[in-house]
Amino acid sequence: MSTQFIPTQIKQRHTGPAKGSHDASDICRCHEPSEGIVVNGESYLPARRSVPIVSVRQLDQGVIELVICDRYMAEHARPAQFANLFTHDGLRLMPRPFGICEICGDEVSFIFAIVGAGTAQFAQMKAGDSIDVLGPLGKTFDLTSPDARYILVGGGLGVPPLIQAAQYLHDSGRENRTTAIFGYRKHHFADSIVGQYSDDVRSIDEEQGNVITVLDSMDAELRQISDPVVILSCGPTPMMKAVAFWASSRGIATQFNLEERMGCGYGTCVVCVVDTIHGRKKVCLEGPVFTAQELGWESER
Amino acid sequence: MSTQFIPTQIKQRHTGPAKGSHDASDICRCHEPSEGIVVNGESYLPARRSVPIVSVRQLDQGVIELVICDRYMAEHARPAQFANLFTHDGLRLMPRPFGICEICGDEVSFIFAIVGAGTAQFAQMKAGDSIDVLGPLGKTFDLTSPDARYILVGGGLGVPPLIQAAQYLHDSGRENRTTAIFGYRKHHFADSIVGQYSDDVRSIDEEQGNVITVLDSMDAELRQISDPVVILSCGPTPMMKAVAFWASSRGIATQFNLEERMGCGYGTCVVCVVDTIHGRKKVCLEGPVFTAQELGWESER
Amino acid sequence: MGERTMTTAIERTDALSSSQSLQDMLTLPWKHPTIVAGVPWKNPVGTASGTFNVEACSRFYDVAQMGAVSTKGVSIIPWEGNPTPRTAETPAGTVNSVGLQNPGLDHYLANDLPMLKRMGANVITNVAGHSDEDYIQVVERLADKPCDMLEINVSCPNVSHGGMSVGTDAKALHHLIGALRNITDKPMIVKLSPNVTDIVGIAKAAVDAGADALSLINTLVGMRINTTTGRPILANITGGVSGPCIFPIALSFVWRVRRALPDIPIIGIGGISNGDNALEYLYAGANAVEVGAAALLDPIAPLRIARELDDLLDARPELAEKLAEGRTW
Amino acid sequence: MGERTMTTAIERTDALSSSQSLQDMLTLPWKHPTIVAGVPWKNPVGTASGTFNVEACSRFYDVAQMGAVSTKGVSIIPWEGNPTPRTAETPAGTVNSVGLQNPGLDHYLANDLPMLKRMGANVITNVAGHSDEDYIQVVERLADKPCDMLEINVSCPNVSHGGMSVGTDAKALHHLIGALRNITDKPMIVKLSPNVTDIVGIAKAAVDAGADALSLINTLVGMRINTTTGRPILANITGGVSGPCIFPIALSFVWRVRRALPDIPIIGIGGISNGDNALEYLYAGANAVEVGAAALLDPIAPLRIARELDDLLDARPELAEKLAEGRTW
């Protein structure tokens, strides 16, 4: 097995007690009901709300893990769903969407790169601070096939939804059915995290090649599997297109988690569209998961 | 003596150690040089800067005292000068000007009413937080006459510059030359503060009358004084005009501390003007102190 | 100091500070209704076109609680809009270039409109077109449909033909609105563009031609540039700016049109993020308001703002009474 | 994800985050000069008219360090401006109605101009008038005075005659600028109003009539209302909106004029609060920028922004070289 662990501490959140400077049971009480809000017999989703931050830590240069406490999101989020985070800054009002990463009790983690003003501000936040969130948003990966073998192909900051997929499969007793192929620029910052949920982590960095190199090396192995193979992928568009091409030429099903600049994140503004074979679709509401077929990526390279 | 002390604690800041949750000597080190900034032999004023908050406390319902630590301001501020405070809120960028109240070591206090968004945010701040300030700004009361008797006539939130005048006179050995006549809506929230610097505090609230009632009661007393009498006043415009009329009919000199909505506070935008007999003048740079004569208030009522 | 008062309400109703429960927001009776061009609104707050999609929003709140809902611009055939990215952040706002992507009138009539009416919403159908003929076809087909009002969007900065070009030319606008007036009896709101020299001239042209009400403003033309690449962020280069940043500008448009046209019903739009902002529009002379960008930041913002305004109007019985009778401040 | 980069510079140069010392800001050599209408600027950042007063600002920094300083509008006789209150806060901005209060040309020539030149500043004299004749008199008397450039303000929203009415009418503008061109050889910048339907038409009129450069934008018409009294906050009712809120709008004006007029020098103005904002203007096609409202919030903001831009240009040698030669991106 080619897993490479970098010297960040292995996370204990899934099995051990919650981290952060506050006691989780204490911090997590003030929240949304876990069942949405029922008024006159109609059930409504919780809207934007302020929740406490449990911890903020740096995983790598410019890569941050931020953990919030929100019971509703923790109970309802499914792999590939995302949440909008908001700054406290009146000059920067727009939503920042991030893939939901790990879920532990009432806690939900996000992993993001500092790329601009909002992420820089989030990185400065501390345990105990509050942050506004909306979510979970969007549709999930299709993980319904009970005997499928899932290959999680992630690039850079595309790994969070794949970690959530690994955790979900793990928690539903299918951890032996996942392989994580993560491509990093340099440090393998997420290996220890996904390693909690999958014992087959084959990561790679720029010096070593790319995710296609790893897929190629699995070719023979995959041919021998009789179960259906499904690739879940999230990362830079060129990477995802390469994965789509690789998989389609082998008849392997693929599901891609897309990103697009968003206005609202919940389907009301038609800002976040992507071209599909069925026309322009909202990534936030009709996605973020699309198959290679829907995207017309099967024959492209 | 008609001084009325309300049951707020007497402030010890002038004589005792600094309040606030931080040790003042610790909190006050990180700052502006006290002598402005000299570059190439030219001396410049310090511009906007971030300074620590030493304490925030409520003096009365909706009336707050906020103390900052800023050595430059503490050393250079003179009575009637003011400072711009700024919110941390990108939606509310404009300066909030406040009269400089007490000075103690490197600490400077402000007293303000919560009247809008900015003051509400300042009231929420805590010791140890930082706040952006610019100042001291504006001109000072003329307190050069060594033997004058100063009557400080303040209304509501107009008292801070008069407290600073009382402190200044006190610190230059003239505390027996000040009488503070403060008119309050209800609670006499500043008596204990000004009482540190003046032993003649004659305050009044709406139920008891107004500052003119007190001035009238001093009429005989004042006629017997051979020293020049100078009234310093700050408060609602109708009050100040009444004071101007009362004083001018008695030949008493008056200096008024005006307020006007400001764009910059340091004389660059011409937003804050007041009509004077010499034309429209900038309150922030050519004021905030003007005499009744300059304002043409002598004959008005 | 004469100016200082203890009653400024700005902060009390600030965005997201509301602690009202959704339960209360959805069930309390509305105290202060209004009437716009003869159509009763249960409160003076509507959703603004392009920021309200019934499927998306009704998951968060009962859309029938709004004074009205203005739908995304509907065109006679489906439009695919502009390429992405379609949004960029601006200080205290956003600039978007959706370009009126919408699935077309047939889809609207088969899906959104029946769903909205089933839910009990007061529906304003926002109408888009590339040409007079486009608008005419949509309005004609809506004549017997159960929408309550029409809002003719002649002010979208993101479509090259029609859209803003009609809304910035008094003559062209007069011609279009006159033509539409001939074919519909529905209360017709004309939505105006702020990107003009003479808003009063444009407003008068719309009213002369038969508009029953005006809504203003649509977005202001704007853009952002990525300083890493040196290129515009929006694929369409420019887009429409909305959000709190445009609030004072939009307010002055409403004020100026109200001064020039004392009787026409006006819906104020632009940068509203709390009840106090909405109130400023009512004092500027609006009969009602629509909330746009704020809904992008929080799905229930329009409802929260309606509740805040409803409470603020308690202390202003004179204004509330005028609104209730379809008059304005 | 293709879009994600690690190099966005917005935050690095955010307002007030600069830790550069005043010492450095005032003494380091400038690396990236520009040329506007033949006049060398030591850096591409000037102060905007109405937010720079030499007496007030020179107490905080050496004004000769700016690329240029644009003075408050100067009229032939003293103007007393509008009544107070003259300012109100707006989301991420401010609205003002100073109304061009200024002590008149004689005072300017006796005080401000000599003081500025003694200090070594590159001086743009901003010219105000109520009529063509007003402007002509000021420009005539400035012909032999030591100011470096003229900026003709035909875009102030706060004066009833002249001011914006000239700046929103291409014909009137062409007439005025033509008349001024006949009487001055000084580099003449015409400052344009954003409150127009067709900025390109206006810009062309100014250039055809002999403008050497354009500066844009002046403020957008706006207002605020006090919801306690129901009355406008500004005594003048409406005023001009400036500050970060107008940034995307102003940027698009510069972009559009640059596309239509590839060769005219342009000074970008509006909502600049850091070096990265200034850079967006340069990529939009400006040769230089002016900083207005940011200086109200911090006296040394213009200098800080100039330093931030100077550093940002280090990594953009191609752009820097073009600017140094008086060309644009």
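Each chain carries a letter (A, B, C and D) given by its place in the written order, and its residues are counted from 1.
The criterion applied here is as follows: a residue touches a chain if its C-beta (ideal position, glycine included) is under 8 Å from a C-beta of that chain, and two chains touch if they have at least 3 such contacts.
Keep in mind that this is a model prediction, so the values were computed, not measured.
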Pair joined by the larger number of C-beta contacts - A-D, B-D: B-D
Taking each chain's C-alpha mean as its centre, the one farthest from chain D: A
Length of the line joining the C-alpha centres of chain B and chain C, rounded to whole Å: 46
Interchain centroid distance [CA atoms averaged], chain B/chain D, Å: 36
Rounded Å distance between chain C and chain D, as computed from the means of their C-alpha atoms: 33
Junction residues of chain D - those touching two or more other chains: 3, 5, 8, 10, 85, 88, 91-93, 244
Touching two or more other chains - residues of chain A: 90-92, 261
Arrangement of touching chains [line / ring / star / complete / other]: complete
Chain D - residues contacting chain C, complex: 3, 5, 7-10, 85, 88, 90-93, 95, 168, 195-198, 220-228, 230-232, 237-238, 241, 244-249, 251-252, 255-256, 271, 273, 276, 279-280, 283-284, 312, 316, 319, 329
Touching residues (chain side chain A, partner chain B) in the complex: 89-92
Contacting residues of chain B [partner chain D, same complex]: 37, 39-40, 42, 44-45, 47-48, 50, 86, 90-95, 132, 134, 260-264, 266-274, 279-280, 285
Of all residues in chain A, those that touch chain D in their complex: 62, 90-91, 113-117, 120, 155-158, 234-238, 240, 259, 261
Sites on chain C touched by chain B in the complex: 1-6, 8, 10-11, 14, 91-92, 244
